[in-house]
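Take a look at the structure below.
Chain naming follows the written order as A, B, C, D, E and F, and within any one chain the residues start at number 1.
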Amino acid sequence: MQIFVYNPNSSAEMTALIAHTAQAAASAGWHIRTQGAQPPVPPSIEGHHDEALAVPAMLDALRRAEAEGAQAHVIACFDDPGIGAAREVVAGPVIGIAQAAMQVASLIASRFSVVTTLPRAIPIIEDLARNYGAGHCLRRVRAVDLPVLALEADPAHAHHLLRQEILAAKTQDGAEAVILGCAGMSEMCARLSEETGIAVIDGVHAAVRLAGALAGGGYQTAKTGAYAWPRDKSHDLTPVAQLRRPAG
Amino acid sequence: MQIFVYNPNSSAEMTALIAHTAQAAASAGWHIRTQGAQPPVPPSIEGHHDEALAVPAMLDALRRAEAEGAQAHVIACFDDPGIGAAREVVAGPVIGIAQAAMQVASLIASRFSVVTTLPRAIPIIEDLARNYGAGHCLRRVRAVDLPVLALEADPAHAHHLLRQEILAAKTQDGAEAVILGCAGMSEMCARLSEETGIAVIDGVHAAVRLAGALAGGGYQTAKTGAYAWPRDKSHDLTPVAQLRRPAG
Amino acid sequence: MQIFVYNPNSSAEMTALIAHTAQAAASAGWHIRTQGAQPPVPPSIEGHHDEALAVPAMLDALRRAEAEGAQAHVIACFDDPGIGAAREVVAGPVIGIAQAAMQVASLIASRFSVVTTLPRAIPIIEDLARNYGAGHCLRRVRAVDLPVLALEADPAHAHHLLRQEILAAKTQDGAEAVILGCAGMSEMCARLSEETGIAVIDGVHAAVRLAGALAGGGYQTAKTGAYAWPRDKSHDLTPVAQLRRPAG
Amino acid sequence: MQIFVYNPNSSAEMTALIAHTAQAAASAGWHIRTQGAQPPVPPSIEGHHDEALAVPAMLDALRRAEAEGAQAHVIACFDDPGIGAAREVVAGPVIGIAQAAMQVASLIASRFSVVTTLPRAIPIIEDLARNYGAGHCLRRVRAVDLPVLALEADPAHAHHLLRQEILAAKTQDGAEAVILGCAGMSEMCARLSEETGIAVIDGVHAAVRLAGALAGGGYQTAKTGAYAWPRDKSHDLTPVAQLRRPAG
Amino acid sequence: MQIFVYNPNSSAEMTALIAHTAQAAASAGWHIRTQGAQPPVPPSIEGHHDEALAVPAMLDALRRAEAEGAQAHVIACFDDPGIGAAREVVAGPVIGIAQAAMQVASLIASRFSVVTTLPRAIPIIEDLARNYGAGHCLRRVRAVDLPVLALEADPAHAHHLLRQEILAAKTQDGAEAVILGCAGMSEMCARLSEETGIAVIDGVHAAVRLAGALAGGGYQTAKTGAYAWPRDKSHDLTPVAQLRRPAG
Amino acid sequence: MQIFVYNPNSSAEMTALIAHTAQAAASAGWHIRTQGAQPPVPPSIEGHHDEALAVPAMLDALRRAEAEGAQAHVIACFDDPGIGAAREVVAGPVIGIAQAAMQVASLIASRFSVVTTLPRAIPIIEDLARNYGAGHCLRRVRAVDLPVLALEADPAHAHHLLRQEILAAKTQDGAEAVILGCAGMSEMCARLSEETGIAVIDGVHAAVRLAGALAGGGYQTAKTGAYAWPRDKSHDLTPVAQLRRPAG
């Protein structure tokens, strides 16, 4: 089984990191193929604008990956950018890391918090949680106030800040699990969980697990409604009368 | 990896059917162990009373199964009876078939309907969907108005009624996927999907897939909040003063 | 009019305390009959597991009580355990103390907080409030972090902690009323209200008042839907064809 | 115990009818005092405008009634007009018949519908249900399309239309109980329930029962927040500096 | 185009202030006509009781204003008192300053807080936000704990307290915009925004802008449902049979 | 005042139509500048994929328009594609036609329905309504089942189908207003309203009115949170230690 993991930003370092985490999440027999975007796609996704620039290339990449054998797709950015569009252009299930992390969290805990990078992501993640139906389980979205790429620039500092926020989530929010709200935090997950004594969930790991579960179970995206294939519009200007009404 | 699939009712026929579906849902290397309840647990779960009678035996069974090596647990009844209690008594993730089916549905479709047995289950399933945060994706819960055990007694008739309701969900509700709202319908799933041209999701299959995904990914139930181990109360009557305040 | 008040745990001390409060809440002419569970039912209900073990005995007790003349039933545990099942097995109205307290609170205040025993009860009570439609009126659930039985072991300490949390609810949460989130706190209600200058609502008292109101008004549980009598399954295996289709 | 039942419209016939129902709902020892508005208050409350004109007189009446000994108040119009204002001007609990009917319904049924007079009341009642937290239990609001006063003008016709809608609520909506959404329908309640085989709840009856329960239990409206006594503004123009800052 | 701005309280000072702000918000060609209530209408609206007393006079004023040429109406009190009734009695669009401010806020920001006068207004404003569908965008309602009229009595002190709360909303709540929750704060809006570095929205200004937009666009209140003209009840007692059934 | 109206699809016919409607909606002194996309942007937006392809070009166009003097922006596609991203890249307020239509509808009616083109848009529009907080006012989204471009190909047929659905919304849904859910329907708005006797709201018209209201009132998009300018990432790889910690 082949799972395509796409990093929608153009940071090669982050793609490498995601590839590593995705590989570690795979079961025997799962072939993980990780790919990142190329410039001019932004090197990090921080807000709606960055998302918007990243999605067209992502749709191409998913389509190509499916043509080359991918049976499931993971979008490795915590904003789940373009998830609806992605579900339209491929048949295999498409798993966003935010939705995956929230689904896993709600299977093992009754309340969770999210720790992300920049404060501007807080309402975006809150809205995702609400749209995914996890609003009543989400205690709080916390931000360490570091840009995404700074996670790589000084991992020790990032780790320190994350640990502080996770402990605050545990003691102040009443969270039973904490989700890391950025694909760039994946590698710190296990250590943070050990150090803080609370379940810490990484979206990339969660999404790869669900992608394997769905693809292995034969599930495909429903093509009869919101996620139907994009329409070919070449005949749309033919007068409807001609198409619909009996000649006569 | 060992997955424990528990049928909370005492119908041996339904346990056999669930075992068959669960086995078919397993990946290579997954050991599925299916077990059902014994009388006087009711032979079918139809409403809160039947659920309540089924849960204590279920908790014992899960505990024993985990002691004997189970790493994840599936509760194979669409009411997800006792799911919170189950998550307290074991460490492995516990997956209810309703929650699993709704999670899978929300990964591959934007709107879904559920087809269940008796009308009295309709508000129960609506409440589950609301509690799981899928209320805004649930188009409608439909009932074929057959008792659970009648599914086995006349499968052809049951199949006919299910097909009708699935088609109604597709054309009248605008559902993009239909969930079978009873573990006893599992075997009809593939054929119903083919005949109706819409994705049909069976909870037992979905739950086994998610159980394997979570256990294989090392996830365990969070033990720091709502799903902490049940408390041993033997010391609770010790005066608190003695426990908390420094002797003086 | 006879009202049956059932303590779902097996602490005789707490049953006595509940009996006392229930009696004090009764109007002239109401006959209050209080009964508690017997071991091995747990001596306190702290979480879903304890609830699950307490419900089957509770259903038997309610049925018997109704056979012996009870016209309404109070479940005197703030988790409202088994409330749906209870409504199936008797005809008289069944009042849970959490639902009663929240209904009374929403008739006399626009916002309220709840003070309970252990932190693990917080998400359970939040979920109850949401299910009862009081989520937008609930300011916060606070826990004094004492086991249920410790309320009896050192009432002075318990009273001190409760008073602190009630004052915090008043000044920090903007609560206009505070609900005591445990049947074991009933006796402290009046004094806490006096000392803190805010309405303090005890669930046992509220539930007995509502039970009397409903039974005295002739209300009975609706038996045409979710709370219909449990089904007798003895004929379910008769082929449906035989039952439904005209012979011919 | 004295319960004040106020009909906010000026139809003397409807006040008489409400008095009759309220009296029938009372337990021994409850003194029911029913009063209606006088012209120019409208003879029926059909929409927000009529409500607005009815409230000032109602507030006066409640204040007077409390000064004369009333311990609880019922507002006998299904829009619950001015309920917040009423709770500000008296100390006794104030029960609106819509809120009362919905609370009683949610204690004895999991889903209910409402049958009202004019279609223009449908969104008003839906909004009430949502504000009272009963939105997820409300199946549908149905209107017989008769003005309020026409209920009295041709009761047989009104009864016929109500029966039809109640049966539709039972069979089409999946309602387990039906609430009569107008104080003018109170007298038909018992017969409609018998004829349709479904619980039919009248708001006046429900509200009187709850008013007795709360007043008898010593509950009073919380005066520390939204329902505090109206402010006396005579000193508001005193410069705040003078009031708050130490002279110096 | 003529816009009628009505101050529902009887403080002439506040009416003057509102007139000034409304005028400043007008585009060329908009004729603003501001009017306030007369005693015995309360000089400030602080709670439901004050609202109730203010509405009947307001309805008369709006009707008269429309007869005299007004094409849109602004209710200049942040509780939006009687907004439904107002929409029934006139044809021009009726804009409440709370609804206007929340609509504008949700067009330029993803999250906002409100700063109001007295704590008792907090639940009222929260409920408005929820009813207007802005609940998930509202971070928090904060109160400076000053009576409405004290804003005029010591504007410097009021300004100081408002600035503090706005800064708290910005730094503690994560608000991106702050709404001034009282018509009496209008004049301080621009300066507060400059001093705090966050968008500050005044309801009177927002409502006048929207009123002009709607009236200038030809929009009128829908008269086919909840906001239909108040019913004339003079024929309601005619037997329905006579009105509806064919004579025979 | 200059308002930029952008048609995110590349149909020149639809751009012309939108320009016409936008111009008609303008007040004196408003300069409307309408522009459409160029191929390869799709000629119609029907689903998430088409949206994703349309957004990058739209962001460029808005930026350029603002540099050239635009003070407000209208996105003339009923999916409100890229609205968050657009709010990040310009300072002037950005108005989507769906959000505008729903805001106007909720100011003049208590319940509304939407009539759109293809059934696949139904869940998209439902989700928009929910995100904009209008979920409880939205009666139903109806589709005439015509592609967007077919509206132009056979306007008479389109008009016929729209009229039917609007009448159904009025009589079956209880809608008080109907929103046209596609920019391509704008020109039919007035006639449809006359023929059906119900308020019909066109999003382009509504959005131009609101854009003028906001820009004329000096409102700008808040730049302190979710809609802050896109981040320049050129310094993000500088070690954080260097940036944040004092040298020493």
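As a working rule, a residue touches a chain if its C-beta (ideal position, glycine included) is under 8 Å from a C-beta of that chain, and two chains touch if they have at least 3 such contacts.
All of these numbers come straight from a predicted model, not from anything done at the bench.
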Starting from the defined contact criterion, work out which chains touch chain B and chain D both, please. C, F
When I count C-beta pairs in contact, which pair ends up with more: C-D or A-C? C-D
The chain whose C-alpha centroid lies farthest from that of chain F is chain C
Chain separated most widely from chain A, comparing mean CA positions: D
Fraction-based call for chain F against chain E, same above half, different below: same
Quick check: how many Å separate the C-alpha centres of chain B and chain E? 50
Would you mind pulling out the distance in Å between where the CA atoms of chain A average out and where those of chain B do? 26
Expressed in whole Å, how far the mean CA point of chain B lies from that of chain F is 42
Considering chain A alone, which of its residues make contact with at least two other chains? 84, 87, 110-111, 119, 123, 127, 135-136, 174, 225-226
What pairs of chains are touching here? A-B, A-C, A-E, A-F, B-C, B-D, B-F, C-D, C-E, D-E, D-F, E-F
Within the complex, which stretch of chain D touches chain F? 119, 122-123, 126-127, 130, 135
Taking the touch rule as given, give the residues of chain E at its contact with chain D in the complex, in rising order. 42-44, 46-53, 55-56, 59, 82, 84-85, 87-89, 118-120, 122-124, 127, 131, 146-150, 152-154, 157-158, 225-226, 228, 230-231, 233, 236-241, 244
Of all residues in chain D, which touch chain C in the complex? 25, 27-29, 84, 87, 93-95, 99, 103-104, 106-111, 132-137, 170, 174-177, 197-199, 201, 205-206, 209-210, 212-214, 216-217, 219-222, 224-227
Could you please specify the touching residues of chain D with respect to chain B in the complex? 110-111, 136, 174
